[in-house]
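Residue numbering begins at 1 within each chain, and the chains themselves are lettered A, B, C, D and E in the order written.
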């Protein structure tokens, strides 16, 4: 907070508070909550000494680091001033984080999106492409068993506003904190809420699995093809100036399309991951 | 007082070492992943804190503001967080597969199984 | 003058969050921990809002709103998973 | 006029802070889970509203005001639901309340 | 259909209030978003008289004004309990019969019980709501049924 990182706070709020603990708990639900008494390796004392020594060495190492908030630290000297002073004119949108993310360093971001996509594929191939229907039936039975009347009605009221809010975040990344990454996660969180109350089968009917698999790849493809279009027009990869004569408008269009691609991919991958985790919840003990 | 200006790194190191300790001293794979997550968070904080400039404000252009913090680390970490959750999901699904084939998520038991 | 009251509120919120953490560590049941977590979450929302005013950048309000949304979802989600886990392994009830 | 608004917002912020503090002390002090939910309740209904109203008074007319109202509505909407969900989950899992229990028919 | 219009209006309002940028591009993106969300919500089957209680909307404000008064009073009560010694608390459970007919009315009733600290509805099943109360006074007040009566009038 004192570090002015609004966008990062935004992402961390969406990811750290939402998806990540839910995935952890889903895993716990799958592998069972048992706790072995021998939960530690033989020598915790040795581990502690090792950690202590490493930590001390690192702290000694920090003595040469630039002070917190120093304006002349090496990190502030190279490309950062250009981003800060020129992005307003060159890109024409107020949020510098978005202009760096989607324009100056769009190639990096493409890489990140591909990593997320690959991780999604990895999860799917590890956990199986929904081959067993009875597991899904098991969790649906649990969801149907307990009547959460109040929660169900509240969820009904809340889900549309959350979805809309995620789209708001998606399209206002230019002006304030936000963008495709955050929007995708919030969107997926709304769908997760829906799944938890209306069952996996219902959610599967609403969100067609094959469709979001295709959509996840389409998101990456959209991103990549933007670069391809500019490449075919004789400019550099992901150079947005081909979209319009006015550089600022061109940048704006390019960023909008790219953020859309990011948002679609992130939302779809998160949903896919969550669905495949949920599918795997089953009774280990009763087997 | 140069020492007190380095407190951000110390917080990072403490968090990092907590994560490290969990990774090397617990044998439960899920706990190891949680430890790695803490480690990861400490790296995020390290990056973000290097982007801070005293007196600066969030890098969104506004009137009457001249000093902004460095947006570059924000960009890097913003994507890293989402990538982090995706890779965590991958690790967790690996754990699920390990549990399915070994019947346990404790590292020492898995090693025993492998050796026997 | 307003700033002073904002600072007082911030400090109170920080103290409250620390106390909530004590409850989260003390437990004793998983529900106490979730309750403390929820309490912590709503206080973070307020803290973000107050800090936004303190630094003069109300952009933070979007973050606060997101946090409020996600906090609710994760609390509900955690409870659902606790229920599901207990149902799938009834012998481990404590 | 602006002085009145300032004083009002200061009063709201301070009462809100006090209520939040008493709520969390209740969470620490109360003997069992079910009573703690009530203590958490006061930090989430009136106290949060007061703090947000105090901020609204500072913000004045504009988008910020509406965003604050949105946050307030959202908190008022979700916090009772969350505490209900907590109470219900604890009850279903068979957590017994501390002290006297009457008309306690398990289903 | 009425419900779809109502949800579309509500979502548009949220967008306009949040956005702050009223150029043609953002407005059209907003329209697309609202349309998409309404379509998705319709597909999810969450748009009905329960999520869009327009048939109640006339009386709701009056009820909520009354509820706010209640919330303030009960908040002060609980805050006083916090600062007093433990002996003044008499926590207990009780099952109350609900008089409301519709699910919506029941949920409003249960949520009102939750919103006033000191009383918490733990379970809502069949025609009963299980309430946990911090003090006997709070339970007495619910038993007198003013809140139940007011919610019933809403239906």
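Note that a contact is a pair of C-beta atoms (placed from the backbone, for glycine too) under 8 Å apart; a residue touches a chain by one contact, two chains touch by 3 or more.
Note that the coordinates shown come from a computational prediction; the quantities given were computed from them, not determined experimentally.
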| item | value |
| --- | --- |
| Where chain A and chain E overlap in contact partners, by chain label | D |
| Contact-graph separation of chain C and chain E, given in steps at minimum | 2 |
| Identity of the most central chain, Cα criterion | C |
| Chain whose average C-alpha position is farthest from chain E's own | B |
| Chain-chain pair with the highest tally of contacting C-beta pairs | A-B |
| Centre-to-centre distance between chain E and chain D (centres being mean Cα positions), rounded to whole Å | 14 |
| Euclidean distance of C-alpha centroids - chain C vs chain D, Å | 11 |
| Centre-of-Cα separation between chain D and chain A, whole angstrom | 30 |
| Shared interface positions of chain C, touching two or more other chains | 55, 57, 59, 62, 65, 69, 72, 76, 82-83 |
| Where chain E touches two or more other chains, by residue | 14, 18, 20, 110-111, 121, 125 |
| Residues of chain B whose C-beta touches two or more other chains | 57-58, 60, 62 |
| Pairs of chains found to touch, sorted by chain label | A-B, A-C, A-D, A-E, B-C, C-D, D-E |
| Residue numbers on chain A that touch chain E, as the complex places them | 147, 149-150, 153-157, 159-161, 163-165, 167-168, 171-172, 175, 194, 198, 206 |
| Contacting residues of chain A [partner chain B, same complex] | 2-8, 11-12, 15-16, 19-20, 23-24, 26-28, 30-32, 36, 38-41, 44, 47-48, 50-52, 54-55, 58-59, 62-63, 65-71, 73, 75-76, 79-80, 83-84, 87-88, 94-97, 100-101, 105, 108-109, 112, 115-116, 119-120, 122-123, 126-127, 175-177, 179, 181, 184-185, 266, 269-270, 273, 276-277, 280 |
| Complex interface listing, chain C residues touching chain A | 41, 47-48, 51, 55, 57, 59-60, 62-63, 65-67, 69-74, 76-78, 80-85, 87-89, 91-92 |
| Chain D - residues contacting chain C, complex | 6, 9-10, 13-14, 16-18, 20-21, 23-25, 27-28, 33, 36-37, 40, 43-44, 48, 51-52, 54-55, 58-59, 64, 67-68, 70-71, 74-75, 78-79, 81-83, 85-86, 89-90, 92-95 |
| In the complex with chain A, residue positions of chain B that touch it | 2, 5-10, 13-14, 16-17, 20-21, 24-28, 30-31, 33-34, 37, 41, 44, 48-62, 67-90, 92-97, 99, 105-108 |
